[in-house]
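Chain IDs A, B, C and D follow the sequence of writing; residue 1 opens each chain.
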Amino acid sequence: MTVKEKKGLVRAKELYQDRSQRAKELKAEGKKVMGYFCLYPVLEIFTAFDIVPFRILGDMGEPITKADSCLPTIVCPFIRSALDLGLKGRYDFFDGVVMCHSCEVGEKAAHIWRIYMDPSYYHFLDTPHTVHAPAQQQFKGQLEDYQKTLEAFTGKKLSAGKLQEAVATCNKQRVLVRELYDLRKSDPPLISGTEIIEVMVALMSIPVAEGSDLLQQVISEVKERTDGPQKKPHRLLLWGTVIDNTALVEMIENVGANVVMDDTCVGSRAYFPMVEPTDNPLDGLSRRYLVDIKCPRTFHEAAYGDTKKDYIKDLEYRFGYLKDFAKEWNADGVILQSIRYCDIHGYDTPGLQDYLNHIGLPNIYIEHDYSEGALAPLRTRVQGFLELIG
Amino acid sequence: MTKVVILDGDGKTLSALIGPTGPEHRRLANKVMADALARANLAFSEISYVVATGYGRINVPFADRQITELTCHAKGIASLFPAVRTAIDIGGQDAKGLKIRNGKLVDFVMNDRCAAGTGRFLDVLVGTLGLRIDELGEISLKATQKLPISSVCTVFAQMEIMACLSEGTPLPDIVAGLHDAIANRVVKMIKKLKIEPDVVFTGGVAKNIGVVNALQETLGLNVSVPAEPLLTGALGAALLGRELALKALAEGKPVHEKELRLDEPTFFKVK
Amino acid sequence: MSEEKKKKKAMNRLKSMYPLRANIDQAYERSVEATKAGKPTAWSMVNWWEADPILKAMDIEIVYPENFGAVCAAMGKAQKYLDRADAEGFPTHMCGYARNGIGYTAEMTELGHIPPDAPMGGMPKPILLLASGALCDARIKWFQSLGRYLDAPVWAVELPHPGVEESQLPGVREKSIQFMVKELKELVSFLERLTGRKMDWAKLEEIADDLIEINRIWYEINEFRKVRPCPMHSRDFWSCMNASLYPAGDTKVSLKLYRDMYDEVKDRAANKIGAVENEKYRMVFGELPPWHALKIFDDLAERGWNFVVESWAYHAPKPIDYSKISDPLERIATQTYQWLTGYFPDALKEKEYMGYFAYPYLEWARTYQCDGGLFHPLLTCRTATNHLVLAQDRLLNKLHVPSLVAEGDIVDLKLFDYADTMRKAVVLEEMMDHYKQVRQEKGFEW
Amino acid sequence: MALIMGMDIGSGTSKSVIVRDGKPVAYHLLPSGVDYRAVAQKLREESLAKAGISASDIADTIATGHGAGNVAFSGHQASDILCCARGITSIFPSVRTIIDVQRTFTQVIRLNAAGHVINFIINEKCATGSGCFLDIISHVLQIDLKDAGPLSLGSDNPVVFTTGCAVFGESEAISRVSEGASREDILAGVHQALASKISTLVERVGLEMDCAMSGGGALNVGLVESVEKKLGFKLLVPEQPQFINAIGAAMMAENGVKAGVSLPEPGSTKIT
């Protein structure tokens, strides 16, 4: 089998292991490749410009060295790792980068990226903190500016039609991701949590349409295969910070559970929300990205403008979707995981635990250093948790 | 340390043994086992079921099952103290808080990756002070006041202690300070479980009367200590093993899922 | 003259600082009294004039949990609250002020009243939690997480953070300010609903204008510090900054006191009176000082170290003309936006894309002619820390200004190592001497 | 010419050097143990005896290192960064970058042509980048420190340490052992981890040649080789790397005495 012919899961794994191979090929064919950080740099806009979007991720297996000369060590190691890879030249094939205000440190890393790597195209999206109507308006205005700087960079004008097409392309991929996730509902799931991460990371490394083809292959392959995951005593839902590496899930799946659903930004958080087609596509886009992506970096609350506050109602509003996930995917436990020094997720965990306890879903919170080797101590915790839920 | 407990079919202890100290001896699980067997006058083939637990549980090739020390300690302690609701285990690698209801583990916390707040903290500092681990408790009883230790990290606490010794702080005060430091850290951690009596303190560090006292003081509660705190984990493992074996027998299933041999794990690759 | 007396004179504090500092302290005490007497109170995050004037105009008392964290730490009362926050399940790497505030709130809720042993009379139960989107995730997330203990609504004030170049795109400034104004309008009507009171627009206008004027004067005062020898030490800055950062106390009184200070500093500058005798090294300080170890500045003053400027985040915005802006909310928004982006055009010229925090150090090192920097990163505060490595690097490699990092924390005061810092300070002197030569060889002005 | 004593009371070992006319004439080393004050006293007595001189022959004593404050009889203390700089310069005047690997701290120091410090960086509050990490791992593996270096040279497949923390490094080493990694590979892995930390520090202060390595860590051939490999050039290693700071301390007094600079009264804790 030659490289090109690899399909489905094998292809996904290959892309997972060597993320840049396809992007580099496309670049050699004359396409532009752009890195983006976090989820907010709108994929549809890249796609409409026929630019290959490439999510900037870190590497849990690689010690962070260079980044220490521009970021202190007491901040999110995922960001440090991503910046480190950039400084080491791993992302040199980018024609540009689009950064955003994901979180405080993410924003600073974005500026640092520009200072030290000076990409030929750079745009910073100042994602608002709230989802109020003026914030959506503000975000839409930023998308307009972003589109303009890209037009200037590429020398191409973008029509609403082109953007609408891109919306359809990306939505199609999202439907396929959901279809793939549906295959995790059976017991045993047809696809493991580890494989899902490989597929998701692969999707974030190739053009959206190609990703959809890959998804279609994976879906039909997974449906037919007989050597899928084994039935295990537990089915878990995984919540938390970005997971772009299989090590953690592999560890969990090795101690007696299948990870059947996730809420992380290399998983459902990134793909489940759909874009509503609107006359001006930017309306639907700003809404989807700012409001519908349920990342704790954004201030979501039930009681906007309400002078009363009801804690459980607020929790229900913020985390209710997790109850649905657990129900539909039949999860009997939740693992809340966070990268150390992530303030965003850290503040949410006690509340989320309150909520899960309120609805009677066993849960455990684990913290890690975004490092493959540091996972061993977590094994006992996870295994103990599984023993405890019976 | 590696410990072995062998139970008979009725749950009576046939042999209990504590092996040599130190992580480097973990690979000697088979030797400790052989010793324990010899003491009970048993052959390995007579053992129906082996459960390995503890930090090194994956390094026991001759075990039927690996169960975490969380579950095993809970089981072992509950068998000795049926009224236990909170258990504190401080061992050489970590410290844990266990919430137990009706003999079953329902929640737990573990210390995070840091040697401070575990037996390692004392082991390292005992080296600094030129003492033996088993004399710490007695020494601390002579303290007139407790030295507050501010460093959270073992390496830095070591430097702090050296500075205090140079300034002439009496040894008992330092040792008592160390015990307090451990108790504070551990209590802080297990507070997440909302501590309720009866409280049982187990693990190697429970042999240290100084830490026992410090814990009681910090908690403001009485704390029971098993006669053999080092063995509760192994005891729990044996009890669980017995249950598993009996269950398999009752269901008419084979007890062993694989063939077991009393092998030494391959630790150091032979070049 | 005896040794002792000479030492005391190494640093020469401003006379006008004392009444201003007393005014701030009194304002604090009065506010505690008022809230105890039952005045509605909001807990607020430092928001750089965006929301405080509005609360003040509506006669809502403001307490600052960040500030309360500093107070608890300074009085040695923080540990109990931190432990409580840990026990509540909040990760320990989170901001010390936040954990202090969470622990305090948990305890207050459990007791049903202000904990009797709380420092400075404690923080009363709030009617509102006013979160701020400015420059820190904790400032929003922390208040949201208090929902476990308090039924007070949380309101998140927005502040855009455009990139340096992006902020200069056509229309961005106007759009951003309009966005802030819209959000502030919503806040006003929300507050009206919450308190059942009407906004006193005239009062708002007055407060906003006072603050703008205070900031203008404060800015001018700091401009005098560019003179050699520098007439005002960082310690005077820190003693007085609160009256400009928060609308602490009567703004009219603050205004007068800042005017007095202006006169004194101007006079010193004209007569070449330095804040430190024999100014040898002109220093920039990074982040907040180790409050419990301020004596270190006396020791350093003896060696001729004068601290002439400090972190951007506590400084007043570069003055601009607000007189044409008729809407007071827009005036407020514009001032905050100006504070945030005021250095961006200069930063862009130099291709320095971290236009706040990091870039101002460069501009100041140049305009205040600094020989070196002393940075005091606060370990659990990401906001105060994440730009310092970059700033150090830029200072050294662009301007040949060396700096020293002496770690500390906002609540764990023991983290700051006094003796070690002094030991390293001596090494920094050798470095500063070297780089002074380098700058001269390269044709720099200082 | 007068004799000067330099003392380096380190977190692991205490070192003294007696210097005459800028030349070290006697070295002595003791484990720091638990009582810095006592060890300083003992170190002085033993080194005087070793050199066959009496305390009155010593014109001045300068102390440096973590426990310098406990050297009651010292004329004054000096920063170990400056001492390290002076010490190396006295041996290798061409050095512009020093890597000083001690037990708890690792520091990289940049010098100008005059031997003055122009930048430095210390790996603090984390033991991974310092000798301590090695000590911990050697202890786990039951290997004598002296043998750790030579042994690691035999590794062809160094273990990759992914953690950034010594305490974690210990558990990682243990699990690697249980996965079957050899001791050689683990040691080599530790050296590589240290070397990569060190190279980051070097990068941050900005390298200029020549580059020397000092401190107890420089006694470890495995570490020296790993650092050389990582940086891509040969390091200058003095004959007595562990004594460099003590030598430098003595140099500080030497220079002071020669230049006629009066030193503070003995007993004053003034920092030079």
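Here, a contact is a pair of C-beta atoms (placed from the backbone, for glycine too) under 8 Å apart; a residue touches a chain by one contact, two chains touch by 3 or more.
Keep in mind that what you see is a predicted model, and the values were worked out from it rather than measured.
Asker: So which chain is farthest from chain A, going by the mean of the CA atoms in each chain?
Answerer: Here the answer is chain D, farthest from chain A.
Asker: Roughly how far is chain A from chain B, going centre to centre by Cα mean, in whole Å?
Answerer: About 40 Å separates the centre of chain A from that of chain B.
Asker: Could you state the distance in Å from the CA-based centre of chain B to that of chain D?
Answerer: From the centre of chain B to the centre of chain D is 38 Å.
Asker: Distance from the CA centroid of chain A to that of chain D, rounded to the nearest Å?
Answerer: 46
Asker: Show the residues in chain C shared as contacts by 2 or more other chains, in ascending order.
Answerer: 88-89
Asker: Chain B: which residues touch two or more other chains?
Answerer: 113
Asker: At least two partner chains per residue is the criterion; list those residues in chain A.
Answerer: 68-69, 367, 374, 377
Asker: Select the category (line, ring, star, complete, other) that matches the graph of chains linked by touching.
Answerer: The chain contacts form a complete graph, every chain touching every other.
Asker: Sort out for me which residues of chain C touch chain D in the complex.
Answerer: By the definition above, chain C touches chain D via 396, 402, 407, 419, 422-424, 426-427, 430-431, 433-435.
Asker: Once bound in the complex, which stretches of chain B touch chain C?
Answerer: Listed in rising order, the residues are 150, 188-189, 191-192.
Asker: Using the touch definition up top, name the residues of chain D that touch chain A in the complex.
Answerer: It is residues 126, 160-164, 168, 171-172, 175, 193, 196-197, 199-200, 203-204 of chain D that touch chain A.
Asker: Going by the contact rule at the top, pick out the chain A residues touching chain D in the complex.
Answerer: The contact residues of chain A facing chain D are 60-61, 63-66, 68-69, 73, 369, 371-374, 376-377.
Asker: Contact residues on chain C for chain B in the complex?
Answerer: Touch list, chain C to chain B: 83, 86-89, 414.
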